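Order as written gives the chain letters A, B and C; numbering starts at 1 within each chain.
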Amino acid sequence: MPIIETQGLSYTYSPGTPYKKDAIKGISIKIEKGDFVGIIGHTGSGKSTLVQHLNGLLRPTSGKVLLNGRDIWENPKKIREVRFKVGLVFQYPEHQLFEETAYKDIAFGPSNMGLDGDEIDKRVRTAARFVGLKDELLEKSPFELSGGEKRRVAIAGVMAMQPEVLILDEPTAGLDPKGRDMILGQIAEYQKENGATVILVSHSMEDIARTTKKVLVMNKGSVAMFDETQIVFSRAEELQSIGLSVPAVTRIFMQLRGMGYNVGDNAYTVKQAVERLLPLLKREVGNND
Amino acid sequence: MIDITLGQYFPGNSFLHRMDPRVKMVLIFLYIFSVFIPQNWVGLGLAVAFLVFVIILSRLPVKLIFKSIKPIIPLVLITSALNIFYISDGTTLFKWGFIQITTKGITTASFIAIRIICLIAGSSLLTYTTSPTTLTDALERLLSPLKVVKLNVHELAMMMTIALRFIPTLIEETDKIMSAQKARGADLESGGLMQRIRALIPIIVPLFVSSFRRAFDLATAMECRCYRGGERRTRMKQMKMRVPDYISIVVVLAFAAGLLGLNFIFKSVL
Amino acid sequence: MAIISAEKVKFYYENYENSDNQGNTPQKPVLDSIDLEIKKGEFVAVLGHNGSGKSTLAKHFNAMLLPSGGRVLVGGRNTADENEIYEIRRMVGMVLQNPDNQIVSTIVEEDVAFGPENLGVEPGEIRRRVDEALKTVGMYDYRLHAPHKLSGGQKQRVAIAGILAMRPECIVLDEPTAMLDPKGRKEVLDTISRLNREQGITIVLITHYMDEAAAADRVVVMESGRILLDGTPREVFSHVDKLRQVGLDVPQPTELCYELRKHGIPLPEGVLTAEECVAALSMLLEETYADN
C-alpha cells in the first residue's frame, strides 16, 4: 500500500469569481514508503499547491488524498493529526521562528502533539543532531543565529515531530553552495537512517539529480512525468520543451549523442558523467601508452 | 479580500478621472457641505440632480454607486425614524399613544435621508475615480502650506504611500506564516479567549521580525536611491489645473451660490 | 579608467560587547585591506560564501558603509566626503537581494521615478527617463501595474529600472537572483548583461551562483575579508581545488573536465561552458573512434 496516494486531485483558487484559477488538475500519484521523491516545475506549475494538500493545509476542490489508505478528510476535525504524520517545511522556514530559544522553537511541533517532557526533549535533541546543531546553539535565541543555522533550526522543528512523510519546499533557496550542500546532505542522511519518506520540492535540477530516487515533473497544474530519476533525466528533450533547464552535464551528453558518439544514457551528475566517459576516453589514452 | 492598494478605485478615463485630484477633492468636499444648504424642496432637488449629473459624467456603473450606499441604509433608516417620531410640530397625520407622525417630521426625515445619501455617494465618487496613491499625493500638495506650522506633510504622505505598498505584502506574509505554524500543529481555532490569544504569538512574533527586516531593507534601498526627505524633491507627475478644472470650480461655486439663493426665494419647509 | 577604486580598505563592525576595557575592538575585520579597481565598462562578478565580506565590500561602493581604514574613490570622489554622497549614489546604483523590500511605490512607474525625484530632476525629464528605463528592462507594458502582483524577476527588473532612471555609470547588484526561480534569474541576468554590452554600464554582480559569474568579464573571489582570486572566469575557475576549499562550486562543465583530467585524460584547463566541454570531449572521442 502506498503511504500517500492522490486520486484525481484538483484545486481551484477563488472559485466562482473572475479571478478563478485552476492550480492543479486531476492529479493521481502514488508515493511508496521510503521513497525519496523530487518535485520540479516552474513557479505556478502547482508544486506548492500539491504539497499543501498532502498534509491537509488545503482541502481539495475535488479528488482525494489518502494517507496509509485512508482519506485524510474523512474526519475534518482530526486534520491536525495528519499534519503530524506529514511534516511540511515551507520555503524560507526561518521566517517562522518565534520562540526565545532555538530549543523551544524546535519543541513547538512536538508539544502541540501533546507529548510528555522527556519525549519532547529526546525528539528535539535527535532532530538537532540530524541538522548538525550543537547543544550550545539550542539555548541561544533563534534570531542570533546565522542564516544557515536558522534554516536548520526551522527544519529540525518539523523533523522533531518525526513525521512519516517529510516534505521540504525549496529547502536550499537563497543559501550559498556550502549551506546548500550541508542541508541536502542532512536530508539525505535523515532519509537513509529513518527509512523515512521524503519529498523535496526544488527549482534546482542539480539538487534533485543529486539526491532523489524518483522525480515528479509538474507542468501547468498537471503531472508531466513521474518516474525514476534516471528515466526522467533521460527524457531531457521533453524537460527542455516544457522550459525546464537540465543540468549542464546532461546537456553535454545530449550534444555528444547528437554528434553520433555512443556515450550511453544521459548522465545527470558529474560523478556519473565521469564514470560513463572514462572507459570511452581511457581506451584512447591507453592506446597512446 | 479587497485589494487595498486599489481601494475602491475603478479605473477609467472619464471627465472625473482626468480632473486634477486636488480640485476634485476640494470640490467634492464643497459639494458635501452645500448639500446641507437647501431648506426647500427645489434646492434639494437641484442638489440631487447635480449629483446624478456628476455620476453620469464619471461613467461609473450605477451599480457601484448603489453598492456604496447599501451599507449606510440602516443608518439612514434609523435617523429618519428618530426624526419622524420625535418631531411633533406641523400637521399631525397619525397618532397612536405617544407616537405621533407629523408632516414636518416626514419632511425633516426625508431631507436628512437624502442629504446622507448624497454625502456618501459624493464621497464615494472621489474614491471610485481616484487611486489611493493619487489621493495621498493630492493630500500632500493640498496640505503643503501647513509646512509653515512645522507639519511635515511630505513625511506623512510618504508614510501613507509605504503603508499602501506594504499592506498587501504583509497580508500575504501573515497567510504564509499561519500555514507554516499550522503545519507544525498550531491550533488557531479552538480553546478559550486566553488560549486563542496565546496561539497568536507564533504568528505575531515572526510577522514583527519580518516587518523590521523589511523596514530595514527599504530604508537601505531608499538611501541607495538618494532619498533625503522632501527637500529639493521634484515629482514626475505634475498636478496641473487645466481649463476643465477651472470650469468645474466655477460650476460648483455657482451651484452652491444657487442653493443659497434658492433659500431666499423659497420658503423653508424645515 | 577606474570608476571605483578601493585602496587598503578595512572594515570592522563596532562591537562593544567584544571590546576590552581600553575600548579596543580586537575582533577580526570584516574587510581586511582590500585593494580593488573596477574599470569603466567592466562586468565584474564578486564570488564568496556568506560571511566572506562580499556584501560589505559592495556597500562601500556607494557610500552606504564607510571604510574603517583606507579609502574608496568613486569617479575620483572620496566616499567619506559628505558633500559628494548623493552624487556617488547617483553614479553607483544598487540593487538589493529581496525584490519585495526595495520597491517604494504602489505603481511601477512611480517607483521608477523615485530616484530622479529625489535628485530634483525636472518633471518632463523624469517622465522621459522613466519610460526609457522601463523599456530598457522590458517592463514598459507593466508601468501602471501594482508591484506586489509581479513575479520576482519582474520586480527585480523594476528595481533595475529605478536605478537606470538615475542615469548611473555603475550598477552594483547584491545577490539580486538569490530569491528568484530559474526563469527570474535568467531575466535579470540577461538584463544586466545587455546593459553592460549595449549601454556600457559598469556592472558589479555579487553572487554565489557560479554560472552567473562565468558570464562576467572578470571574477573576484572573496574569502574572510580578503581577495582570494581575481581574474577572467577562465583563470579563476581553473583553481578548482582552491574554490572548493572555501566552499564554492565551479560550473559543471569545468568540474567534469577537471575530474577527467585527474584520471589522466588530456583535456584543456579553463573549460567554462557546455559547448566548450563538448568540443574538447568530441575531439578526444574522435581519435578513439578513429583508432577503432
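One rule holds in what follows: a residue touches a chain if its C-beta (ideal position, glycine included) is under 8 Å from a C-beta of that chain, and two chains touch if they have at least 3 such contacts.
For clarity, every value in this text was computed on a predicted model and none was experimentally measured.
Compared with chain C, the chain whose C-alpha mean position is the greatest distance off is B. By count of C-beta pairs in contact, B-C exceeds the other of the chain pairs B-C and A-B.
Here the CA centre of chain A is 30 Å from the CA centre of chain C. Chain C has its Cα centroid 46 Å from the Cα centroid of chain B.
Inter-chain spacing, taken between the CA centroids of chain A and chain B, is 48 Å. None of the residues of chain C touches two or more other chains. Multi-chain contact residues of chain A (touching two or more other chains): none found.
Looking at the complex, you find that chain B touches chain A at residues 173, 176-177, 179-187, 201-202, 205-206, 209-210.
The touching residues of chain B, when paired with chain C in their complex, are 3, 5-6, 131-133, 161-162, 164-165, 168-169, 172, 213-214, 217-218, 220-228, 232-238. Residues of chain A touching chain C in their complex: 42-43, 146-148, 173-179, 203, 206, 243-245, 247-249, 251-252, 255-256, 259, 261, 263, 270, 273-274, 277-278, 280-285, 287.
Across the interface of their complex, chain B is touched by residues 52, 55, 57, 80, 83-84, 87-90, 93, 95-98, 108-109, 112-113, 143, 157-158, 161 of chain A.
Every residue of chain C that touches chain B in the complex is listed here, in rising order: 62, 64, 86, 89-90, 93-94, 96, 98, 100-107, 109-110, 113-123, 126-127, 130, 146-148, 159, 162-163, 166.
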